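Two complexes are shown next, each including chain A; its partner changes from chain B in the first to chain C in the second.
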Partner chain A sequence: MKKEKKLGSITFPQMGDYAIPANFLLSHILHNKIIVPKKITSRTIELGTKYSPEFVCTPFKYTLGTLLEGLENGANILIQAGGGCRYGYYAELQEQILKDLGYDFKFYNLVVAGHTDVKRIYHMMKEIDPKFHVLKGIYYLLITKQMIKYMDDIDHYIRGNIGFEVEKGSFLKLKEEMLKNFSKVNNPLKLHYLYRKYKKKFKEIKINKPNDVLKIGIIGELYTVMEPYSNYELEKELASMHIEVKRFTNVYYLLFEKHKKIKQYLKNTKKYITYQMGADAADNIGRAKELCLDRYDGIIHIKSSFCTPEISAMPIISKVCNDYHVPVIFFSFDSNTSEVGIKTRLEAFYDMLLMRRKL
Partner chain B sequence: MRKGYLGIDIGSISTKGVILDEENNILESLYIWTEGNPIKAVKRLLKELKEQLDEDVEIYGIGTTGSARKLIGLMVDANIVKNEITAHAVGTTHFYPNVKTILEIGGQDSKIILLNDSIITDYAMNTLCAAGTGAFLSSQAKRLGVEINDFGMLALKSRNPVKIAARCTVFAESDLIHKAQVGYPKEDIIAGLCRSVVLNYLNNVGKGKKIEKPIIFQGGVSKNEGVVKYFREILNADVIVDSNSHLMGAIGIALLAHSHEDGKKRTLNIADISFETKGRECDKCSNHCEILRIYKDHTFIESWGSKCGKIS
Partner chain C sequence: MDKVTIGIPRALHYYYYGTLWTSFLEELGFRVLVSPKTTKDILTSGCNLSNDEMCLSLKIYFGHVYTLESKCDYILVPRIDNYGVTEQTCTNFLGLFDMVQNFITTPLLTYNIDEAHQKHEMNEFIKLGLSLGKGKEQSKLAYIHSFKKWLKENKIRKKEESKKLNSQKIKILLVSHPYNIEDPYIGSEILKLLKNMNVEVIMAEAFISREGNKKALELSPNLYWKYNKELIGTIPLLQKQIDGILYVSSFPCALDSLVNELMLRKIKMPHLNLIVDEESGSAGMETRLESFIDILYEKREKAR
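Showing the complex of A and B:
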């Protein structure tokens, strides 16, 4: 018990379902208490907005909100990561804001100036927990990587089919069960076995999917795309309209595939861009073209307000979609977005896609 | 007996009702103010429509559109509830099948719809700012002491419209006060306002959109001759304003109600039905969803707003 007290309690920002693998990793490699961030609610964003600069992008506000809630629940070690755009400076600014609020904590930033230095992270872990063992760390890191891959893979299947489930809620119920079991594994074989088992189970879920369903691709700024609360549950809304949804951005992509994929995107979109434009802007232009070529019915581009890379990408995406005659709609979300306005535009988008099908 | 189809467009400022016959001809139409109470407005609308309507017409379909479409749809037992973008497009293409661009300015919102062969190909709606909408014009009319109905005619009289910074309502208002204080004649200010509405619309809603002929202008503001004039001038093209331009949404949704007819007869007698909504903030979790409970004749029928779906 005494040791427990010495070690700090860890929390980290919330995003989508990824708190589960993050918690899995940290709780296995460190002896500290992990305070898993709660699901984002309107209180989270209220808290985050209150202490954020007004014109900072929304993910800053969300993550600050979750860190604040973590501190309230007794955390005194905060872990943040980031890079690519303004996001790369979040950690420093958030640390300062929280310090100014009078909280006492240690702040660890996994990515400094766009670089992840393995040695630095090792020392960081040793500082958090002197008993940290590097081999154990690598072992669980590999399992976690695999877990994220499997989660993202299953999510991909869900997005394509959840709009057509016969029994409402069957996909999400199974997903919840799967995530729960994922978090209990302790070796890669077991994880692989579970993945195979659940993949089969998902395929067995009864769906009523006609051949000519509407297909929409979602692209945009990464946090808004991945955290359902921040995009007003856009994917759920599309599912209720019986639309097949494809989304590219997920954590596995960002961490392990982006560096390869981006070269391909740049090559494919030579006509439109020459250089990368920060964060996922160039990726999204490439994806827009890919969706056009794959004959998707429409594209939805979402971002948080004031997201600079995506703002630069938008006119180019418009041009791509114009060239291929695929409709695109842009949504900007922040803490003051009216949900009704989004619904109206989304409904109209849906009607338009249906009408175009008749052409 | 003849069959009739009712379309109701409940906007922030005005409520519109249109009854079509089986050949989609307009039998009756009505335009009243919403006055912040859509339930009351629709009750009055239906009562007056019923009085106007021939007795042998029976309603076999009701459609609702506009910002209060969902609530009113429940109240009148609509067979179709559709967003205003689709409704406007359907209504307009019924009369002008080859229309390419629809400009629409209503009370609180404005939109642009691009079409090809009666199919919507692109659209946009104002997002953040209300500058360049009917509500802005009517509040400025009040400030200048002019009846909103005379606004357009006065604008036409101006020879020298003043320039008004129209980026946002607040800026436009302070610029307008300034122009009035330095002694510009009223009609020049009014003309300047009409011009600024057009510029604001084209710079915001119409940004990046290819405006092709034939162009149709509708919504309440299309009744303002001044705004119409400046649209024609700035776009350098003919802009058609239909005599029913303020009713297009209601006509569109009536047409949809007709094509989605379900065989059920509907009543216009809703004046005596009690219909109310009660709002409360849920305290079951920190989401604090705003739960709206809807009661028809004091019995609970539906609730909206729960994010988790467990609370009603």
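Showing the complex of A and C:
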């Protein structure tokens, strides 16, 4: 008699709201139980920091913390992605650290050395769930892609207007409702319909936006930009100061737009850089120039501490901003950065921007 | 007319490709000026030019570039991205040219190695020669000659280091990037201390080989950094002939922080992980090295 193997339960690292589309995709294409990572708390960071090497960049600590919490909740299959810089090597060390702690699990790394192999991922999925079907996988992958695009699109609108809402919390409430409904769809038409419906609803929310608002662009390292807990909810803070915020990095950009845009950025910033500098460094220099030309009032550059590509981009970004006379502030976030310190610096920056306006 | 002078900073890649560069440029008829050995002043000027989170090796590089300014016609700052998809280098090496260009006024010479995008070393050297106004054939020949010279030098180095393996003293494998351990500011202090303690230090960098790279992939299948792969590949090759491993990295080296941590966990052998920054004094280092060597001695006594 053939013995049926028990399927494991899956978990993955937490980043912003993207756990929802990730959960959507995995739960539709695999029959495994999925343990959705919880929102990051101070305990997550404490756990992650405790078992990480000393001067590794902060996203390592955050993702290790979420994976540990997932293991505690009974997961035994971990999925980690990889990227262009140090991020691509996270998986291997994290696997070793967790094994040394005595957990029993299987670790799957989607991207190796910055490159994805479709065949490898297919075999990986087959290994996780022998009943995995390719066509179903592709179908839901396309829906997920569209969902991420819609989410990022709506987020873009929210970021520009949340600082001016008349009734407090109306944007976030609607967004939560939207995400809940998004996760229930199962065909692209329904998704598109929902997107149109909620876009209209968002536009109907009452805002009190004067014509001469302060505009700030956020650039920086991708994880810190996208995970609100890791930047101490900087965007929320800016919203409470009634500032219009523009942010470039989102998952849709990283996965589908980056390879096209990067050439344009390099062309635009010929005066400052000639080559790509790893991860998002060259992108951020291009964005800084774009923001300067669009007459933004200020630029905030955020990164996790020890993020090498961003560190090499920083002197060039400050040179660009110097040439165009646009103020820029750099924040570096670590697991033990003091929140008060960040707040004070942000307030001072805000006051300075206001004063510049009055001159 | 005076010869055109080309400056080479004595930091980072110099310790890998120094011979290659100097003999290539000299064969083409240029005068080569290598910056002096790292001193406190060089470090200070490097620190002033750099961001405080940059790694110590990079700060030293900036200092060297700064000393060369206005002393030569060109400064050679290469950009070495990768030698293939799975042979990448540190992100600091990718941005090096652009970072330097933004604070220096002397014109820079560069070549760009990016084999994932068909930018190979020989073609890039020929381009470098062309940009200096030399012929294609001449540059190609100069590259081939200097490449052979470089290989020969590495071979001699390996032979010399291999002799040390027969020594009866306590043997330590020193795993560190050459630009760290050979730099007078970072490494020479450690080497001097070890010499006083009467142990044989074997440099991992001299034993780089294809066989080692394969072994490195057994230890860490996804490792895609060329220089780290070469270094850790030497550990399984020499493991049986040594008593302990000493890892030396500069603060905060991005790649070493991950790879060395993995090695500390995977290789069961006495080891010490030393991290050097611009403030670390020799007293603290001496105590740690002493106790490490005491452990090695004790272990050897027990084995007898």
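In this section, the second predicted complex is superposed on the first by the 354 of 359 C-alpha atoms of A that agree within 3 Å, B and C clash if a C-alpha of one lies under 4 Å from a C-alpha of the other, contacts with A are read in each partner's own complex, and residues count from 1 in each chain.
To be clear about the criterion, a contact is a pair of C-beta atoms (placed from the backbone, for glycine too) under 8 Å apart; a residue touches a chain by one contact, two chains touch by 3 or more.
It should be emphasised that the depicted structure is a prediction, and the values quoted were computed from it without experimental measurement.
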Next item on the list: Sticking to the clash and touch definitions up top, decide whether chain B and chain C on chain A clash or fit.
Entry: fit
Margin query: Going by the contact rule set out at the top, does A:Pro315 touch chain B (first), chain C (second), both, or neither?
Written below: both
Margin query: Is A:Thr11 touching anything from chain B or chain C once the two structures are fitted on A? First, second, both or neither.
Written below: neither
Note to self: According to the stated criteria, A:Thr41 is in contact with first (chain B), second (chain C), both, or neither; which is it?
What the structure shows: first
Note to self: Just to be sure I read the superposition right, which of the two partners does A:His115 touch: chain B = first, chain C = second, or both, or neither?
What the structure shows: second
Next item on the list: Determine, for the superposed model, which of the two partners chain B and chain C contacts more residues of chain A.
Entry: C
Notebook entry, point to check: In the superposed arrangement, does A:Val56 touch chain B (first), chain C (second), both or neither?
Noted result: second
Note to self: Let me test your reading of the model: by the given contact rule, A:Ala281 touches which partner, first (chain B), second (chain C), both or neither?
What the structure shows: second
Check: Between the C-alpha centres of chain B and chain C, what angle is found at the C-alpha centre of chain A, to the nearest 10 degrees?
Finding: 80
Next item on the list: If you've got the overlay open, could you tell me the nearest Cα approach between chain B and chain C in whole angstrom?
Entry: 6
Check: Intersection of chain A residues contacting chain B with those contacting chain C?
Finding: 315, 332
Margin query: Taking the touch rule as given, give the residues of chain A at its contact with chain C in the complex, in rising order.
Written below: 53-57, 60, 85-86, 88-93, 96-97, 100, 109, 112-115, 272-279, 281, 305-306, 308-309, 311-316, 319, 332
Notebook entry, point to check: Of all residues in chain A, which touch chain B in the complex?
Noted result: 41-44, 233, 315, 318, 327, 332, 340-341, 344-345, 347-348, 351-352, 355-356, 358-359
Checklist line | Complex contacts: residues of chain B adjacent to chain A | finding: 67, 82-86, 117, 119-123, 125, 127, 208, 285-289, 307
Checklist line | chain C residues within the chain A interface of the complex | finding: 50-51, 53-55, 79, 81, 85-86, 88, 90-92, 94-99, 101-103, 112, 220-225, 251-252, 254-255, 257-259, 261-262, 265-266, 275
